[in-house]
Amino acid sequence: GGSGGSGQSASTPKVGLITKTETNPFFVKMKEGAQKSAQANGMELMSAAGKFDGDNAAQITAIENMVAAGVKGILITPSDTKAIIPAIKKARDAGVLVIALDTPTEPQDATDALFATDNLKAGELIGQYAKAAMAGKPAKIATLDLAPGITVGQLRHDGFLKGYGIQEGDPSIVCSQDTRGDQAKGQTAMENCLQKAPDINVVYTINEPAALGAYTALKAKGRDKDVLIVSVDGGCTGTKAVQSGQIAATSQQYPLKMAEDGVKAVAAFAKNGQKASGYTDTGVTLISDKSVTGVEAKDTAFGLANCWG
Amino acid sequence: MTAEEPQTPAPQPGVARTPVLQARGLVKKYGHVTALDGADFDLMPGEVLAVIGDNGAGKTSLIKALTGAVQPDSGEILLDGRPVRFRDPLDARKHGIETVYQDLAVAASLDIATNMFLGREVRKPGVLGSVFRMLDKKHMREESARHMAALKIGLRSLTQPVESLSGGQRQGVAVARAVAWATHVVVMDEPTAALGVKESGQVLDMIKRVRDRGTPVVLISHNMPHVFEIADRIHVQRLGRRVAEIAPGDHSMAEVVAIMTGALQVSDGKAVVADQGAAEAIGLS
Amino acid sequence: MAVMEATLPRRLISTPVAGPLAALVLAAVFFGLNSGQFFTGSNFSLIIQQVMVVGTLAIGQTLIILTAGIDLSNGAIMAFGGIVMTKLAVDSGLPPVLALVAGLAVCSGFGLVNGLLVTRISLPPFIVTLGMLNVVFALTHIYSDEQTITELPALLTFLGETFQVGQTNVTYGSLLTILLFLVFAYLLGSTAWGRHVYALGNSPEVARLTGIRTNRLTVGVYTLAGFVYGIAALLLVSRTGVGDPQAGQTDNLDSITAVVLGGTSLFGGRGLVIGTLVGALIVGVFRNGLQLMGVPSIYQTLITGILVILAVAVDQLSRRRNR
Amino acid sequence: MTAEEPQTPAPQPGVARTPVLQARGLVKKYGHVTALDGADFDLMPGEVLAVIGDNGAGKTSLIKALTGAVQPDSGEILLDGRPVRFRDPLDARKHGIETVYQDLAVAASLDIATNMFLGREVRKPGVLGSVFRMLDKKHMREESARHMAALKIGLRSLTQPVESLSGGQRQGVAVARAVAWATHVVVMDEPTAALGVKESGQVLDMIKRVRDRGTPVVLISHNMPHVFEIADRIHVQRLGRRVAEIAPGDHSMAEVVAIMTGALQVSDGKAVVADQGAAEAIGLS
Amino acid sequence: MAVMEATLPRRLISTPVAGPLAALVLAAVFFGLNSGQFFTGSNFSLIIQQVMVVGTLAIGQTLIILTAGIDLSNGAIMAFGGIVMTKLAVDSGLPPVLALVAGLAVCSGFGLVNGLLVTRISLPPFIVTLGMLNVVFALTHIYSDEQTITELPALLTFLGETFQVGQTNVTYGSLLTILLFLVFAYLLGSTAWGRHVYALGNSPEVARLTGIRTNRLTVGVYTLAGFVYGIAALLLVSRTGVGDPQAGQTDNLDSITAVVLGGTSLFGGRGLVIGTLVGALIVGVFRNGLQLMGVPSIYQTLITGILVILAVAVDQLSRRRNR
């Protein structure tokens, strides 16, 4: 479809932000960053989101509607890294700058640029941390994952295993459950894992809400002191939980920065047609107060200063 | 005569008494179908009033309007001479008016006792009832059994849901309920339609007993022998309005049927031929 | 005394589409006034593209709801159908036509199983299709191995192509969707089969007593609905250009919403499939209009909630007036 | 006499003819309620057979079993002397057996014409009908109007959904449908229960016409005058089985009622007192 | 001739819980044979803890479904209630009791609004509660600002505490849930109000004609259901120890599933709240048992789908035998 909107009366240029869901604090923070940056750059922000992680259809619809509304650029965290590409292509053909945030498309050059964290690396960091923290003790690992077929979840999970130095199917992995990143579901999953294998001593969690759910379950069994929980995200609630020792370590990401940079890039494009390109790593930092040898980590003071949510 | 000023033969000679239930100019339209077209109605104290008329004449609509089940579009209703407005059937019931609806109004998945006591359940005595609001199921079951037995409706089980009862048994439940609770007026829309000979007889006896205890009864029926057996007066409904009020003694069954179908009209208490062809067709002249 | 009125051309079913239509028009006027881009041919074409998948699913859903059933598995069946079509064509190298036929057959097959469970063991449709939702969802992920399938043959994306109507690009898929609605409006309104579906929804017992083979009819309806989900799968694949195992997860509720917004009763036997089209468009117009107005997404949810209620309220109030 | 070997007075003297529809020892239990307890049944060619009995006697259950609407637990059914098994009502209908069920079996939200033709819709002539299967709505509407008019059921609109019809109008639809389609047997379960005097008369006339065209009719009714007016033979049902088969001419109405309620029994075509108290109570001795 | 049998102690409603119960027992036996950890007191206590939130939601859902309605908004209302309780107590510094009361009041309030929309404008419950789902969901996220609320006062987490029964730790919340089921079983089975609810669900018109104030009753049912959702919110907060704006998103379907698995008809008027408890436990046992067996999660989904259908099939077949 034609873009049609470039010559409209409203003079403020528009930038669109499409996130995976509208309620995950990670994306909410991203939106806040985009909002601030849009104001600073004299742009109007439009936002949309899928109904669930993996909701490709809603993201396509949002791209179409934003192009119809005449946006200059679209920032998107693709729910489905491959399935979104035809829609992105249409938008780019209509002259819209498309930047992927947080998650790369497959292939990565389907978007003009990528501002993201490396989720595999985020998993690897906590995997390495856990390995070092266990210091050679035999591990019984539970992984509390996201949901079938969602890239981020897969990358973090794989990263964790890589960092820990084990393969999928390793006998030390005694329980794997999906949690959809939900605290209550994380708790239920952990309870059942403990019932199945009471001697679990390492818990990998997809994000901090799941980690806190796991912690609650462990605490009810009196195991909260001797089980190591590691997580990914670096939200403020999660970082506080690291500070208070509920979570041993987390990989912190920076959604605000991704969004700010993204909006800036679109603003530049709107002003002088200059297109951003390539991959900008917005970074990931391991946060922990219990440092272990051989793995570099920042403490929670740094974490809290840089946390989101 | 006109429908607005019907000829009322005085079935109870002497003092002019206030009708218990009265209606003037009731109109009820459903979309483009006019069910009631300015219907009048008078029920005198202590009488059995039969309402007769062809299918679709508006009998059910009339009594639904009188008992709060539907809201008439216009017209007024008077109870003991005072204007009333029944917003729903409960209003009418609070005035002691009980109705057996043609479609029976029984809750299919509930049992007989529950249906009999629906809306006026009996609670256990003592704290159980007053604080915990516990139902006295045993009492209600026994009472229901008594009422059903009085109608001599054969039942093989009292605890079946009413949806599994035979047509006549279900009607028995509705009739027993109305009779049990009425204090002021009983309205019955074809209460014996599905009943056997014996059971119908019981219902007619029941109606007489209700009347004898002083409660007037409105009886819609297509069964002329029943009507002539029991009615003190007959209200003839036709095309949505009352076309005559007659005493069964004054007219033969054939005449009444002729009035009902419009072949005869009533004028000064006498039947006069209105539609020659129609009257001849049914053998009157 | 039979006062039969001149047989007015009145509708078979006394549920008019007037209410939903009024709601749709009101919504369109509202968004037209609030957004300069709303009233354009290209935007309308866009809205139709955006609702065609859910709209098509909602056709099958309408059939099932008319029989007093409900289908929670339609989105999942569609997703599986999409994976089957694309995976067979791309990974297994089947000729695209055969892959397409296989996809349609698989979807019809799941519909058939739904229908058999509903009739043979008299299970409630809610439970059957809820179970099927889980089963098919899992099968989709197992069969697809979580991989999105790309680089599809032309046959599978043809419906996403456009042709020019005046200034506006219209997709063949939009056309097919409209056509499907017309076909089913015809089938339900003007064939014996349609009347049997309504009778079944009114009361299975009555339908049976009047000599309708209710079990066979029910199985047929579920199977046909499955076939329609297969077409929805093709539309989805053409629209997105990929086979996506994550697709369709909220489409069951969305399609029920379209059906109910369109004035069809969830208790069966009353409703029109054209109402479903209107219902689907109402949802599409809300989403498109709110996004064009630049409403933040959480407020879009808030307002959509209010508007859905309002839309049906308009319908109800318009009916009251008609009485 | 026993229920197994009932006394059958020959209403049509002379040749012994095969019954059109016959049943032996039908049993139907619902949970712990026995609706049919070894019921027999015989319908002779060209006759009107009335089935009478108290409420809950199992009349409806009997004809439901005969028409495929329920499956009897045991017993056998013979059509024209050959054993048959109707798996569903359609099976029976395919053999030309049409039924008016007591609960009417009309589809509430559909209109009269649609209900009349439900299950045997008429398609347009030509390709429209054969390929596109388009219904001939106009034809069906006109036919329905004709059938309803023949019953003289008053209707204010033909396109209302039947749920908005009056009780009698709805019954008219069911009767008209059965009569229109029957080729072999017509079964009617209380077809005049909700009908007015005139409309009932029409239905009785209709039944006579059906019989005169050679189709036997089974008529369940609680209305003894109707039964005596029209029936060639009477099947008396009691507590789930047939207790007598009599000719109306041989017995008075009071006797028949007494047989029905168990006060009298039939033996060799004569009524004998079975229950002295009961018989006296109803004035027979 | 009235052959009245000695009034056996038969049940008010002819939907027995025997079927669902049989399914539950079969499932338990199956998992007991396949996992050594299943048949332990602590595991049973765990299962009850895991189903108590959905179970409590399902009590409200049962009430509404018995009136032939449906509630899609209950999970969202619960989430909002949880946020209100915790945010008022923690952020606004209200005394915990007041915060709790406010949370319960807010939930009841949403129920009331649902009820008023259903009765006053005669909107279908599906649409009303779908709209409400969106509205409340958005409000939750707006009001909470997406912050999880931690460090709750003891009053709000008390129900998560445990006491010892023999070897097993049981939470007070589990106890409260069981108690609630018993209370509602009593209210529905042994009070006039309960019978009116069933009558209403059988047919609103019949209920009205027998003199039940159907509108008032309906509004009451929805409000009471809202109040029960408030209790569910407290249970959720106690169980997880936080106020979580993300909570409850799948609980609407889960609670309907529990109700239907428990043998209650979606068409209203038939069913028992104790069946709902059994239904909730069936789902809990499936999930727990499959996880104990170490089934990969996508296969859990697959098997749950099959088991849900099987559970109701067992129910149906057991009823057939009873005929």
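Note that the chains take the letters A, B, C, D and E in the order they are written out, and that residue 1 is the start of every chain.
The definition used in the following text is that contacts are C-beta pairs under 8 Å (C-beta built on N, C-alpha and C of every residue); 3 or more make two chains touch, one makes a residue touch a chain.
Quick caveat, the model's predicted, so the values are computed rather than measured.
Asks: Determine the set of chains touching chain A that also touch chain E.
Replies: In this structure, the chains that contact chain E and also chain A are C.
Asks: What chain is the most remote from chain C, judged by the mean position of CA atoms in each chain?
Replies: B
Asks: Can you compute the centre-to-centre distance for chain A and chain D, using the mean CA position of each chain? Integer Å is fine.
Replies: Centres of chain A and chain D (C-alpha means) sit 73 Å apart.
Asks: Averaging only over C-alpha atoms, locate the centres of chain B and chain D and give their separation in whole Å.
Replies: 28
Asks: Would you kindly tell me how far, in whole Å, the mean C-alpha position of chain E lies from that of chain D?
Replies: Spacing between the chain centres: roughly 49 Å.
Asks: How big is the gap, in whole Å, between where the Cα atoms of chain A centre and where those of chain C centre?
Replies: 34
Asks: Multi-chain contacts in chain B: which residues touch at least two other chains?
Replies: Expected reply: 30, 32, 54, 153-157.
Asks: Could you pull out the residues of chain A that touch at least 2 other chains?
Replies: 22-23, 148
Asks: For chain C, which residues are shared contacts with two or more other chains?
Replies: Where chain C meets two or more other chains at a single residue, that happens at 1, 5, 141, 298, 301.
Asks: Mind pulling up the chain C residues that touch chain E in the complex?
Replies: Within the complex, chain C contacts chain E at residues 68, 70, 72, 117, 121-124, 126-128, 130-139, 141-142, 253, 256-257, 260-261, 265-267, 298-299, 301-302, 304-309, 312-313, 316-317.
Asks: Quick check on the complex: what are the chain E residues that touch chain A?
Replies: That would be residues 35, 37, 42-43, 46, 49-50, 53, 141, 146-148, 150, 160, 162, 169, 236, 239-242, 244-247, 249, 287-288, 291-292, 294, 296-298, 301 of chain E.
Asks: What part of chain D is in contact with chain B in the complex they form?
Replies: 30, 32-34, 53-57, 60, 102-103, 153-157, 160, 164-169, 172, 190, 193-200, 222-225, 257, 260-261
Asks: Within the complex, which stretch of chain E touches chain B?
Replies: 1-5, 7-8, 10, 12-14, 186, 190-193, 195-196, 198-199, 202-203, 205-213, 269-270
Asks: Would you tell me which residues of chain A are touching chain C in their complex?
Replies: 1-2, 4-5, 8-9, 14, 19, 22-23, 31, 44-49, 51-52, 54-57, 60-62, 64-66, 68-70, 79-83, 85-87, 148-150, 154
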